[in-house]
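Okay, here's the structure, questions in a sec.
Naming follows writing order (A, B, C and D), and every chain is counted from residue 1.
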Amino acid sequence: MNGTLLETRSVSKNFGALQAARDITFTLEKGARHALIGPNGAGKTTFINLMTGVLLPTTGTVLLRGEDITTMEQAARVKRGIARTFQINRLFRGLTVLENVYISVAERVGAATNMVTPAGKRRDVIDEAMHLLETLKLADDAQRTIAGLPYGRQRLVELAIALGLKPEVLLLDEPAAGVPSAESHIILDAIDALPKDIGVLIIDHDMDLVFRFAKRITVLVRGAIFAEGTPREIGSNADVRAVYLGQATTHGA
Amino acid sequence: MLKRILAASAALAVSTALAGAQEVKVGVVLPYTGIGAEFAQLIDRGMEMYLKLNADKVKPYQIKLIKRDAKNPGGNDARVATQELLTQEKVDVLAGWVYSPNAIASAPVVNAGKKFAVIMNAGTAHITQMSGYYARTSFSMWHAGYAMGEAAAKQLKAKTAVVGYTDFPPGKDSLNAFKRAFEASGGKVIDEIPMGGAGAVPDFTPFFQRAKDKKPDVFFVFVPAGDHAAAVTRTYGALGMRQAGIRLIGPGDITQDTKLQAMGDAAIGLITMHHYHADLPNAENKRFVAEWKKAYGANAVPDFMAVGGYDGMALIMHVAHQLKGKIDGDAAIKAAGTFKFNSPRGPISIDPDTRDIVMNEYLSEVVKGPDGRLMQKVIGQIDNVKDACKAQKIAPCK
Amino acid sequence: MSVTPHMPDHPAALALARRHSLRWWESLPWIAALAFFFAYPNHLGFGTELLIMVLFAISLDLALGYAGIITLGHAAFFGAGAYTVGILAHHGIWNEPLTGLALAALVAAAVGFLSGLVLLRTTGLTFLMLTLCTMLMLEEAANLGHHWTGGFDGLPSLNIPPLFGVFEFNPLIPKTQFLYVLGVLFLCFLFVRMLAYSPFGQGLTGIRENTLRMHAVGAPVRTRLVVCYTISAAIAGIAGGIWAQANAYVNLGTLGLDRAATVLIILVLGGFGRLYGAFVGAVAYMVLAHFLSKIYPTAWQLGLGLLLVVIALFARGGMLGIGEVLMQRLRPKIPPKEPASRPSP
Amino acid sequence: MIFTVDNIASMLLGGMAAGMVLFIVSVGLSVTMGLMGFANLAHGAFAMLGGYIVVLVMRHWGVGFALALAISFVLTAAISMVFERLLYSRLYKAGELDQVLFTIGLCFVFIASLTVFVGPENQPLTLPDALRGQLDLGLLQYRTYSIFLIVVGVAIAIGLWFGFERTRFGAQIRAAVDNRRMAESLGINIDRLFAVTFGFGSGMAALGGGLGAEFLGLDPQYALKYLVFFLIVVSVGGLGSIAGVFWASLIIGVLDFVLKKYLPQGGTLFIYALAILLLLWRPQGLFGKPA
């Protein structure tokens, strides 16, 4: 199961005078359960955008399985197996839950350029999307439009769309943010049930979630890597506690 | 065969005439809404005014005006309106058309419908050649343009001219007419300035400044009647072109009666050539203007569009009487050729060869009247002017 | 990897699988059109104009309703098609109707492809203004190039030979025109319907609903938009071309703001992104315009203005949207489905 | 010939005067579109309404031009605020398309109403004698009204800039343009801010309608006829930027003037081409912030 999937080498990103990412060198292993934490404005989402190709780095390189993808378009990276979710829901609000996932699956299997066959005739795509919804316990909502769905359920669709891409690298941007605590276990269960061989990077503030999930944690502060290690190492790192954890724990308490 | 039909229809006409007032359905195609609504109103009132002032001449016929909106100058509204007036309303006569493209677009339908059609404004010269059923009681751009070209050289003694025109077919017609006559009379057109399309009034300043730089004796301007004209005189006055010794001349579109007072003193000294303005001194016109004011208010004045509608109605009545109310298209066109009428614009007739109007052109100057209002003083007159484009067979009026 | 189990019995899967199947009411527009043909032989000129507007609105629906491309310049393509037919026929180069339409589609598609390639990099107000300016620039070019286009007067009295060499185009009783347009509309509609229900069409709705997410699922968004825009332009070009043929006439009115605004109003009035909004909107708008403006012309403009205000304020899904809401009220068993929402800002 | 001092000066003055009309009408549109994100195609209708009020008030009450402009500003602002509270405010969260549809509908209502109640014809506006004719600038004589417009336009621009940058209300608007949610959380009354800004923007449009009537005329079609130019200026300048509208108006006014004088054959082709190029070069406008 070992091997490097996604790697950044000395990646920096400047917005004018602001350095949103500085000299980040980072690797995500196959099968990894990695967490990225850091205070607000630390540049976590910027870092995800750099890996997925929403933003291009000012300097540095991004590699996927050793291949240089630094300037590759977002769509091409997705085709190579990088998928993400968003911190704030980015769903097809007017469409049904099933259609949301259908779109994602259709893109992956290459059905999406088909202009001739009705979407309904691609039973393979429908069935796969339905299956995904079953596993996320969303099947009962499959026919509802997103706009009419409770927020927690919407977060699951967010995840379902990403899973429809069968990614090898999955970047989860605060998957449980905004979900009522009564429903957050559904998200957590879903994350636990992710295929073992894919590399998952999760960003979150919820330390319970991070420590329950992560085998490895990277701490980002002001755009740069501040510390990296196992949950135990990070948890016992005094500096991290000083800049981040203490603050977070008091918040959590 | 034809004779039998004619005889039968004549008999029918007589019998219905005996039966009482006979209805003549006139389908009117005008832009009742949109940018041309103002013009539609003038023509519409012109037609109504004829029916009112000449009630005795209308008898024994009862005129039913069926009005259709052709607001879009793009042609399709007018075309559908024309087609429906023919097929649904089964009108006897068609009338109207403010915009030339509308008359052009309607021509094939008029041809297929074989009904007499009177153009009451659209001025592009060759329109009447697009359908054998068209007759025109308004004008062609060549009437005034050509006459002005001659008058500018001979009467105003101009050697050089700059022509500014709105860049659409009537404008180009006007330019060509003026240029041909002016240069034939020994003058020289030293610059031609297209001044934007007909859609919106541009700021005329850059065009006028260009004309001023050329220092011509006269600046001949054609713009569509309406907003354009008022802006022209304002700009002329504001740029001090008169002080620079440049006379502003043009067809009467730029001194449209309905706009004249609004132009203010800047308009004084403006010289135009046209077939009608409300200050024409003939008796027929005095009665027409007085009745107009009585009907539509003291500040209302008729203008060349109103008179186009008025005379158009006169032509329709002439044809109705000639044909005893049975207005067959081919017969009507023949009858139209015998039309002679003492119009507010003076004596007019229809040229049987071209079906276009023959009328007097008046050279007029804007002066301040005794009552302090602006008025147009006739300073020259050319009788029985035909459309020079067709008379001289200049392309596209082959 | 686990084997995907077949779940044919889930209602959601069934609904999606059957979504494209024909429904009985889909035959209504065509029956109505044929009935109109026989019932109102004196209104066929109006009917032809109406059908062409439906076709034009359908082309816009593909771009605006499905892909969420909000444009104010769609008449550029209508005009491109119309002028293609007009210029070729007027200058005696080509005037056979069917091939003429194909050429109109081709030219309009080329205009759509090129402008789409450049303009679709922008969004929102900027895109709106760019499409508007492009259309107005084309209009002005057509006005200035009068040697070819006839300028303001247009190209009158085009010589269009009989359809299939048999059926004459009579300007007064446009039976041939009506049936010809109806046939072309039917074929184009089938094509757009096929696109709309295809995975490609589903992807377009994805772009409309959330462009950012579409990028994130690996869709080449701009390419898709350009393809969609080009197809939409081609169909608009067919509408323009057939307008020129049916009227034997082209002029600037085919590519002005007036036409672009009218088709937009028609589509939104009927309800966009719904295939049939174009039909409902065009019928409602044209019939109202036609008859109201006969009764009292200025009232028409006032009435239309108020109608638009009311639709925008209270009936966002257009007339079909209202219909859907009413249907749901009547059948509460089905889980409430929101009227398809607008493209997200 | 082209490069004589008085020729260049006269082109600059003529172009600037035309640009100032664009600026005065469009600046309100820019601020409301930037602030509220509302595609207000009825802005031209408010300008038209303002022009009509100026003309009618001068004609029927016999008041002077300046006072008529002031009355028009106040009345139009008040009327537009009623519209904003009752109608516009319902559509702030709607898509652009609904806003476009709604405001086109409003335009039709304005056009039809003015056609019925005032008439379809152009309404002439008589300028006071002092503003007519020519003014001697020493170097050259030039149209008095053009000079007047430039002076008024620049004064308005400076005034607006001052109000925008230096007053509390201006700061609130800027904050709300930048980040509405943030501004709200800072306790700014957004509803009131929107209504006042909208009223003010429409009032400016009314001024522009009155001041520009000398060039643009006044008839019921005004609402739609010039809308494209107002929108071009706003989008080229950048939404919500007063400086942007100002410079875009000047650039477009002057370039349009020069092109019309030396290449009149090109009609309006260049102005659209220019707008397209500027927008492709800077899609967010000259002074707009990148998205």
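Methods note: contacts are C-beta pairs under 8 Å (C-beta built on N, C-alpha and C of every residue); 3 or more make two chains touch, one makes a residue touch a chain.
Being a predicted model, the structure only gives us computed values, none of them experimental.
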Both-way neighbours, i.e. chains that touch chain D and touch chain B: C
Chain closest to the middle [Cα centroid of all protein chains]: C
Best-connected chain pair, where connection means C-beta pairs in contact: A-C
Centre-of-Cα separation between chain B and chain A, whole angstrom: 74
Between chain C and chain B, distance of the C-alpha-averaged centres to the nearest whole Å: 39
Euclidean distance of C-alpha centroids - chain C vs chain D, Å: 33
Multi-chain contact sites of chain D, meaning residues that touch two or more partners: 115, 265, 267-268
Touching two or more other chains - residue numbers and ranges from chain C: 140, 143-144, 298, 301, 342, 344
Junction residues of chain A, two or more chains touched: none
Touching chain combinations (by label order): A-C, B-C, B-D, C-D
Residues of chain B that touch chain D when the two form their complex: 33-35, 37-38, 41, 167, 193-197, 199-203, 205-207, 209-210, 213, 226-227, 230-231, 234, 237-240, 243, 258-259, 261-264, 266
Chain B - residues contacting chain C, complex: 32-33, 37, 68-69, 71-76, 79-80, 83-84, 86-88, 100-101, 104-105, 107-109, 111-113, 124, 130, 167-169, 197-198
Interface residues, chain C side, partner chain D - complex: 64, 70, 72, 118-119, 121-122, 124-126, 128-130, 132-134, 136-137, 140-141, 143-144, 257, 261, 264-265, 268, 272, 298-299, 301-302, 304-309, 311-313, 316, 342-345
Footprint of chain C on chain A - complex, ascending: 52, 54, 73-79, 83-84, 86, 90-99, 102-104, 106-108, 111-128, 130-131, 134, 139, 142-145, 147-148, 161-162, 164-165
Chain D to chain C touching residues, read off their complex: 33, 37, 39, 87, 90-91, 94-102, 104-113, 115-116, 224, 228, 231-232, 235, 239, 265-269, 272-273, 275-276, 279-280, 283-285
